[in-house]
């Protein structure tokens, strides 16, 4: 079985290195083909691994020693178990689809080869992240995906905003990573190892306070990657990258790494429910907070990005409340429909020459029906309407919230669901229906290449039916993860489901109706709330003015004032003083003989005086 | 094989003297050949080195002034071995990358002379011998900066020389005093380091001597606030000068801390741990900030070295195997990375005769290869896992966490701030559109530059993925040294501390 | 009533006189020859002198063991032998530099060489006795000849230098005499050995007068050693006299003075007179600091070197203060090593001697003269550079070892602070030595033809430079033999 | 009755006079005279003390001093004459070529 593991892991790397050779040359389809092939290969082997794992078999390999110093001995170890294999399958599947999709999307881009290099590199790092059997391995992947996202966000590096967004993403993640590192250090000095098995085996014997600290620190890391508040700004800006990237990295896979970390360390987090509670609360907050920003945004991709944020919020709620398998389930389903949504958006941009403002679209349905349908499916799934995938996962999260007795969390998620429904269909309506604004602006949209559409089909299907695997999935994952059983009666459950569902559907209908009538009137845009949301609660501005600028000013000060004016000046001052003393003492050499003689006599007189008046020990 | 150390030390010198005869057309080739041979010697040394033996190997002892205990005493152990290899490697690389035409002959010979002193510093086991090489290494660097530098080169050169020389003046007194202490204790004169390892000093004496040595090393490292010579030196020095200065010379200071300060004065080291650690932390953050404010690429990297040296110091004063091994490995990695970065800056400087970031932008479009290599090394500089930069930084911080989590937290912010200035540098100069006409048709890296840079890039990745052989060799000697410290420690607190930081469990 | 004195030849132990006698004979012979044979050539004079110096040297070696003689006036102990050795070697090195490429009047005169030999005799007597009269005699003989030698250089500056030196010398002589008088009055003897016995027996009472004697002696010797505040003559005299002579002056008179100082102050230091110690420390610190600081701002290499030699003297003074075997051996080790380097450095200036002052109206060797020297004559520049670094105490060159041992002796005597001051000073000193190096290696050349830097050079001089350079660079090897020999000699003479 | 003290005091006074002369005089010739006074002051002292102790060495010393004084004068005057030939003055302040 191990060779499958190695294939799954290293196929993407091979692909990446292969296409790396071509980066210098101009566009060459072979890179795309090869990488796609290898990704598919990786996907296939992941599937077979899944099968293997399903037949109760956990593949655990130690490839080679990496670091060994002092008491630390750190091998490259990989484990394929019920959790990681799910991630592997999801990641490889989505990435293969995205990769193939990009063959069309990047068709005319001069960075064609480079793009596929990066994508495969990303998949490789992501796989390391999920397959590693120890925290450091996870951290390696963690940083690796960070790097790839940095490269891909800034893929069109000639665009200033793009490169800026890249830096922002990388640096913000770094901030969170520091927290995570501290957590890892703490783990090491507690357990003397980074390996999950060792750590979780001894976790019981540790002072709960310490466990809490570890939990919080790890969560900080998770917040960074999963763009939870207050680290959320980078994700919206990350939309500068090519759309497939947004689909793969900033929707389906990388951003969910935070959730994965929590699930991975469930053994740890389940010991400290209060930490879980913090996580859940923050998640719920983000779920609403992000959705609210999506309500008014006009940027096609940003809307979806915010919806991703809020969905991540949902996942964290689940993870925080100890419903780990549910979180994982939602993670998977979300990966399907959210990437589908993004890729659909990609088609639209492709059709509209990279126009993103949904106000400039409308009535695109006849121009690109298939895309429209696919996106509609994805949206429905996102809203969590039966029988689409989203329904099952999301609904359970709400249930879990209610079950835990955290009614305010439940309420938040409930409202979040409503908002989701609204913005999704606002988007659908404004893009595909209503009057054709784009005609006035002189766009000539058209459906993309058929093979691209075909590649989207599997995602479409999955977003539709994935939900029905709920029970096998639960059975499969809870072999490793703790079970989560609902305490409340069946009726309440039905009640809840009914409540949510109706609410969501009502919102959807309302939205369709409203926007069918041409949407809200202009004056709504003058409402303070609207402005607040439009400016993302002014948080980016606050960061700009409160952190970035002051830091630069402070740095200037440190350099110009402290370094040059004070420290270096003092150093030179010493030299200067000596030199001036030299100029003074030079006067003694007047060259005049009588002065010289005087000096001698002065010497005599002084010493004689000393001889008479100062005589210790005589 | 038993004379290999002397060979490694003096071969460059002899060869350099031969170089006087070589005519200036071929002198560079000659220099490269010599450096290559020297490098091969050091590799042979590595191969011959028994990595299961923590002690000194290939030891060579000749009494120089028996009456006064001065001896010619060389030896290598896990701590110094790789620094020697680093020195020879970087010398070779920098010579390959060299493209100065002016007085090339003097330059090459000076470089070889410098190599001799650098290797000598790492191999000497006699304090006086060490001091000799330590001071001697200033002369060639003075000449390199002063003669081939740019702008205020003379000022920079003199500042560098005087600052470091004055710094080590106190150390001389310290050495002599320590020698006298040894004489009082044993009745014989000796300046041999292994002998001094056995010498247990009273606590107060330790404090004073630690101070005396500290100043010398701190200036060399350079530690805040004794660092101001560095930006000038780097700013004015020619590429090859900066490379060797950053890659090897700075390491002399940190190496000396590990080799002398800790084992000679264990109690004092523990006593001064927090002040030093705090200074180191200030270095990390402060230098990173200053680096961010720079306009000149080279200055950014210069200050970034200070920042990294801060982490090295922290690792050193963690006084556990993790930290010390990490800090030594970080010396190597920083040597390779910063050296390479300086070469890269040199590349662009050769083409445009400016290092100001504002002059550039969009270089990634014009010189993709250059941008790629720069990117890799940048990632190594910000300590991305699986690059050489991560291992040392991680271990150093990991080690120091055992001592104090709060200081580690602050020092750890270096990984953030490091990303800030590095990415900003990269963005300003490589991304965006090509605005400046002069940059429109810059030519990408040529063969010479490639041959110089590729090995470094390769090392950055290889050692990032598989540092184990090096780490375990270092680790062995480090552990030995820590045992020594524990045995020597006078105060119970010191013993307790050393035991604590070297054992797992029970931190908060 | 004075009783008549009976003398028995055997007790005179005249053998001890042979070294001086040989040289004296040589000097007189030279004058006589000059009377009869006209226009003798420079080479003859030089070789003749050299010959007799060597004879002197052999005679010196011939004397075995420490012993007194000539009414116990002569005292030939290890230290004096050492000192004489140093004096003779540096004299030999010096006299050869007369064989310069350019012609100089003084070198054509027999008197020059005769005087030179008399001077050597003077110094030899000065170190080979503990009798104040003989010290005084030797001192004056040497000085008076030296004044004349300087003046013989026959330039305005030379005369000015000679007169300044002479006048201050006369005053110093007065002080010396006064010091002797005071000591004589207190103890009734003019032999240091006796004086010390008496003083110790009387526990140095009456303090004020004893110290007064010390003070006068200190200033008188200080003048020879160029200790502040009697150092003012040094730069001017060095500037005025020819380069090699300046180099010679910075070595030989000082070693002679040092020996006397050691002999004299040992009386007080061996019985821990704190006052003397403190004063010596004080003077030493002032001397090196002041000299170093003033040297920073000099424009002329020769003047700079003059100040540097003052600083070195101050450095050594600390060792005198410390006393004891190690310190005294340190003094000699230091001075032997310093001798080679310093003579070498001054000889380099001598080689670079050029008739017209191209670069400066006043100075012979302004720094500017040497700028970019490495480009036009790299060899010279490198050698000069090495000498400079050596004087700066850069390891592993000669002076470093002396410094090492000397500071070590200071540290061992517990004066750590003093040691710190000393090293700080040497750190300051580096600047002005390096100034020349900066000019030679980092500035752009002011002239294309390299031979202006070797205008005055000739094979013999090159040999001198070679020898000094060799000893300077390979000192590390010779330290052990020199040190052990010196130590043995010092111990044998009971210090 | 003139005791040793008187002689010593006299010698002291003379010595001081000499010193003052050395300090004050700007004329080289006078300056040399002052140095002579210094030496002779010492001579008096030696003679007296030697008589007092009944020990010859003091007188020997003073003889030598006289001899040295003489030779000093010889050399000194020689230099002085040379200088006068060159510069036409024997004023101390004319010796100021070298300074600093």
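Order as written gives the chain letters A, B, C and D; numbering starts at 1 within each chain.
The rule we apply is simple: a contact is a pair of C-beta atoms (placed from the backbone, for glycine too) under 8 Å apart; a residue touches a chain by one contact, two chains touch by 3 or more.
Just so you know, these numbers come straight off a predicted model, no measurement behind them.
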item: Between A-B and C-D, the pair with more C-beta contacts; value: A-B
item: Euclidean distance of C-alpha centroids - chain B vs chain D, Å; value: 66
item: Geometric centre distance via CA averages, chain D-chain C, whole Å; value: 26
item: Distance between chain centroids, defined by C-alpha means - chain A, chain B (Å); value: 36
item: Distance from the mean Cα position of chain C to that of chain A, given in whole angstrom; value: 79
item: Sequence positions of chain B contacting 2 or more other chains; value: 162
item: Shared interface positions of chain A, touching two or more other chains; value: 586, 589, 591, 593, 597, 601
item: For chain C, residues contacting two or more additional chains; value: 163-164, 167, 171, 235-236
item: Complete list of chain pairs which touch one another; value: A-B, A-C, A-D, B-C, C-D
item: Chain A contact footprint on chain C (complex, rising order); value: 163-164, 167-168, 171-172, 175, 204, 207-208, 211-212, 214-216, 218-219, 222-223, 228-230, 232-233, 235-236, 272-275, 278-279, 290, 293-297, 428
item: Chain B residues touching chain C - in the complex, by the definition given at the top; value: 64-68, 70, 103, 106, 128, 131-132, 135-136, 139, 142-143, 146-147, 153-154, 157-158, 161-162, 165-166, 169-170, 172-173, 176-177, 179-180, 183
item: Of chain A, residues touching chain D in the complex; value: 586, 589-594, 597-598, 601
item: Contact set on chain C toward chain B in their complex; value: 374-375, 378, 389, 394-396, 400-401, 404-405, 407-408, 411-412, 416, 419-420, 423-424, 426-427, 430-431, 434, 437-438, 441-443, 476-477, 479-480, 483-484, 487
item: Chain A-touching residues of chain B, taken from the complex the two chains share; value: 159, 162-163, 225, 227-229, 231, 286, 289-290, 292-294, 320-322, 325-326, 362, 364-365, 368-369, 372, 379, 382, 384-386, 390-391, 394-395, 397-399, 401-402, 405, 408-409, 412-413, 415-416, 419-420, 423-424, 427, 430-433, 465-468, 471-472, 474-475, 479, 502-505, 507-508
